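Everything below concerns the one structure shown next.
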Amino acid sequence: MSSSLERHKYDVLVIGAGGAGLRAAVEAREAGLKVAIICKSLFGKAHTVMAEGGAAASMGNANSNDNWQVHFRDTMRGGKFLNHYRMAELHAKESPDRIWELEMWGALFDRTKEGKISQRNFGGHEYPRLAHVGDRTGLELIRTMQQRIVALQQKDARDHGDAESFIKVFAELTITDILKENGKVAGAYGYYRETGADVLFEAPAVVIATGGVGKTFKITSNSWEGTGDGHALALKAGANLKDMEFLQFHPTGMVWPPSVRGILVTESVRGEGGILTNSLGERFMFKYIPDVFKDKYADNEEEADRWYTDQDNNRRPPELLPRDEVARAINSEVKAGRGTEHGGVFLDVSKRIPADVIKKRLPSMWHQFYELAGVDITKEAMEVGPTCHYVMGGVDVEPDNAAAIGVPGLFAAGEVAGGMHGSNRLGGNSLSDLLVFGRRAGMGAAEYVKNNSANPVSQSTIDTAAARIEAPFKRTGGENPYALHQELQEVTHNLVGIIRTKSELDDAIVKIADIRRRSASVTVQGDRKFNPGFHLAFDLDNMLLVAESTAKSAVLREESRGGHTRDDFPGMNSTWRQVNHISSFDGTQVNVAKKPLPALPKELFDLFDPHELEKYMTPEEMSKGGSN
Amino acid sequence: MANGVFSSSRAQISEKTLRTDKWWLQPLITFSVLVSFIIYATFRAFENGNYFVEPLISPFYSPCLSTECVQGASLLGTPFGIIHIFGMTLSPALIILIFPLGFRMTCYYYRKAYYRAFWFSPPACAVAEPKEKYTGETRFPLLFQNAHRWFFYAGLVFNVLLTVDAILAFRNPEKQWGHLSVGTLVLLANATFLWLYSLSCHTCRHTVGGRLRNFSKHPLRYKAWTLVSVLNHKHQNFAWISLFGVAFADFYVRQVATGAFTNFYFF
Amino acid sequence: MARKLKLRIWRGDSTSGGLKDVTVDVNEGEVVLDVIHRVQAEQMGDLAVRWNCKAGKCGSCSMEINGKPRLACMTQCASFDEDETITITPLRAFPVIKDLVTDVSFNYKKAMEIPAFEPPVGMKPGEPRMEQIDVERSQEFRKCIECFLCQNTCHVIRDHEENKKSFAGPRFFIRIAELDMHPLDILRNRKKTAQEEHGLGLCNITKCCTEVCPEHIRITDNAIIPMKERVVDQKYDPVRWLGSKIRKREGIL
């Protein structure tokens, strides 16, 4: 096998071709390096295309009161102060530049009357802050990045005679292992999905930008690629995952009809005036405003409705509460028997906004449901409920250069990295996260490569990686990967889902371990050529590690915060706020340890009203007033 | 040699198309209607008669530019003498017909219609076309399609003339103004449809504003472009309606001229 | 609630292949991609199919269903008669790899041939001011999800392999139009190269690209024809040609 093995040498290998991966690749190329980009699917199809609402950046185009400090405060608040402060700070400060830069690469955002980039309201953001293009902002972002890569390749073709001399995109390729030699990253090993042929990449720096883990769950908005590959690759390479118990269940996923199950109904539907009602017709969100938000959200319908036309003198409608609050509220309504027959609630925009305005403001939303399911959102209410949407947890990284802690040469950015969003991500912060930390990962990798030359991969390392890929074909009479995947999804959905308890989580940990044991004997039908069963065998392995890490972190955290809700510990606990959960992998199982969360420095501490911080922090923390 | 969907690299499927709907119906209708029109128009263009009866003139013969024209029909005078080709007298219709014909032949909508219905290039979407070679509109004679703009301008002149014809039809046979007949309405409708067809044309859309890069610097032209764009959505409909309109106007004038119809006057 | 659906799925690779009959359960509200997945999980574990989002946003699951180029995730099973057999094949304009997966690299090569966006020299990020009406035309083309159904249905290359060298295809005509109408782009030879290098003249505007576009982009009316008209401005309009010679710049812009 290895005699004919395809080998490539690059300075930086970027795994994942979504927004973060492409942004990292651009940065590394502009630093003069040779970059390989690995896409699991075709170039330009990554899950980033699904992002609808927009990219949050405090450009202040819609409201000049906006600035990075306000954005930082909103992000910390949304994350329930479990965010790594430095990531939230960098993100808030750098997002506007990242958006403006896209414009120079050809992006066409919607405009204000003055000709600037228009910004829209979104849950948890104090001011209109989301740069957007209708409701297809993610598509705009990935297409712009894709075209930026092509532009750089065209330049390389002119300057060096070969378009792929500095950046090459490897489409439909799965990475199965990150390779290390002498304790440092040396490259990665994988196979072409099309042919099944093995391929080796030797590179001193690897950027993981593989996105999320949604496919671990039964109902999810994620595409098939969201199988936690990067999370698992990092774990197996010796890096750690942070706070894997925090998963965002988007409050409004379609629950009916089945062809659109799990698909998101973007928050802008509520931002534009959509309201949530239960089967009794009650606008129930008024009952679920937490105390910490009482002064920012309207407690009566009249004020809430006035807000759409006069935002300065009225509090916001409670439909625009942070996502976790809305998800929890919907869940409570359904559990109390006030849900629809398919287990959701109604989200209605049709009675409040004229049809042509809906089509103009939410074009792809309208189009999507009309085409996919024959549902016309300008005429009827949607049936919505929580769907697994985003994982806040991820690779434990250094905020400034996105370096994975513990593995020299490994970097991670985007959804696969942890810390930025704390326990709950605000809508719109993911697209700007991709850009800000994608760039920083590219910079970090470039800086690293300057001081660390190529690290050759040994034959034994190659043989081990190759044997792992060959294994499913050598077994006979084993488990069906599709069946095991379904079983795993049932376990996570039922036992590690939106509302959790100790007994169920304990049960889940046992069951996941059992599926993992059985997965060792997975066999696949057919040969290596474009074989989905074969592909799933590896994805399954990744999802199992993610699920184990999530379940084990979740059982330890005895409080409810953001994307982690414990029935047996319903309140938020200030002591738990000081704790990050760090998952590591010892070769046989995932172990979770506690690590203290870095304290807020004084200058950032002082950006908040102490009365607000008191709701999150212990008296000791308050009396210190920040870390320096 | 296998080409196209039967190339060796493509998925091996022996059918030209696996479409199960009546994909052949649309080109068949287009073919039948266009052929019928061509037969009727050819007959009328060569008939060289029954095209004028005070105050109505057939759109096929307006403006009538030859000394051959019957009295009263030549609004713009008679710059052409009687032309003979191979011993036959050339009908005055043939002098002018090239302009409306050229406009329609080079029209972006009709191109689609006849490329599909007559050339089978392709007969319908995802139905393999029979021809081996294809060069599109890259060389003569189809390169000539780019002359659409000139026919568009000429078409506007004709629209003006046919509008004048319609206005002149507000007279009675004694040339007194203030009368309205069925013929008036027929010519008026014909002129209206022709205007709608011309104004909804892609070239018109381009000329009024489509060629601009920044609409915001040309608010009036933007407005015009917006209006033409709305019409442009219906260009296909206007193309057919105006075609029937022209044929019917001619037919009506002919029937009145031969005495088969009496041109009823409302007042 | 579940009923049986009869399918004929093309299976094979570049050397051989054919339609295979299969019967599968289908539930109310399901799309063709749902039943393909069921076939995969229950009967043909190695059936190759591309898909990502299952929401009509990524443009991966392009295939031909009853002979029509479509996205499998946007084709509802309910749109067929109950006793109808649905025929599913890979795209027929591109080389087949396996089963329903084709080699669409042609499109990525063409993307590389279109000169990238070029902003004004010296313009700094954050400086651009563009009005909504000036960006709307290009925004329509940026809705493209690159499913390549337009490329697949276009007879210029579907029926004539030899034209692939010289023809960029509808997807890239809208890219050219997008850039030529972009308020900030400074490249002024896009019209000329559209005609001379990317094969705009090969298009005979038979509109199949528009018919199959799942995003309902009016490819022919809003991009190809306007580009053809812009080419006419430059190449086939003597008055404008003379004018541009005198003013030494392109067109009226």
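Which chain is which? They are A, B and C, in the order written, and residues in each are numbered from 1.
The definition used in the following text is that contacts are C-beta pairs under 8 Å (C-beta built on N, C-alpha and C of every residue); 3 or more make two chains touch, one makes a residue touch a chain.
All values derive from a computational prediction rather than experimental measurement.
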Discussion item. Is the chain-to-chain touch network here best called a line, a ring, a star, complete, or other?
Written reply: line
Discussion item. Quick check for you: compute each chain's CA centroid and the global CA centroid, then name the chain with the smallest gap between them.
Written reply: C
Item to complete: Compute the distance, rounded to whole Å, between the mean C-alpha positions of subunit A and subunit B.
Response: 57
Response to the item:
For the pair subunit B and subunit C, the C-alpha centroid-to-centroid distance in angstrom is 32
Worksheet item: Using the average of all C-alpha atoms in each chain as its centre, how far is it in Å between subunit A and subunit C?
Response: 29
Fill in: Residues of subunit C engaged with two or more neighbouring chains
131
Practice prompt. Could you pull out which subunit A residues touch subunit C in their complex?
Written response: 41-47, 49-50, 59, 96-97, 100-101, 103-106, 108, 110-111, 114-116, 118, 133-134, 136, 139-140, 143, 147-148, 150-151, 153-154, 157, 163, 171, 194, 223-225, 256-260, 263, 364, 367-368, 371-374, 480, 482-483, 486, 524-527, 529-534
Discussion item. Using the touch definition from the top, list the residues of subunit B that touch subunit C in their complex.
Written reply: 3-5, 7-13, 15, 17-21, 108, 111-112, 115-116, 121-122, 125-129, 131, 133-138, 142-143, 146-149, 202-203, 205-206, 210-216, 222, 232-233
Practice prompt. Please give the residue numbers of subunit C that touch subunit B in the complex, ascending.
Written response: 10, 12, 14, 16-19, 64, 66-69, 84, 87, 89-90, 92-96, 102, 131, 133-134, 153, 155-156, 158-163, 180-181, 183, 199, 201-208, 211-212, 220-221, 225-226, 228-233, 235-237, 251-253
Fill in: Parts of subunit C lying in touch with subunit A, wherever the complex brings them together
13, 27-31, 34, 40-41, 44-60, 73-74, 76, 78, 97-99, 101, 104, 108, 111-112, 115-117, 119, 123, 125-126, 128-132, 135, 138-139, 142-146, 179, 182, 185, 214-216
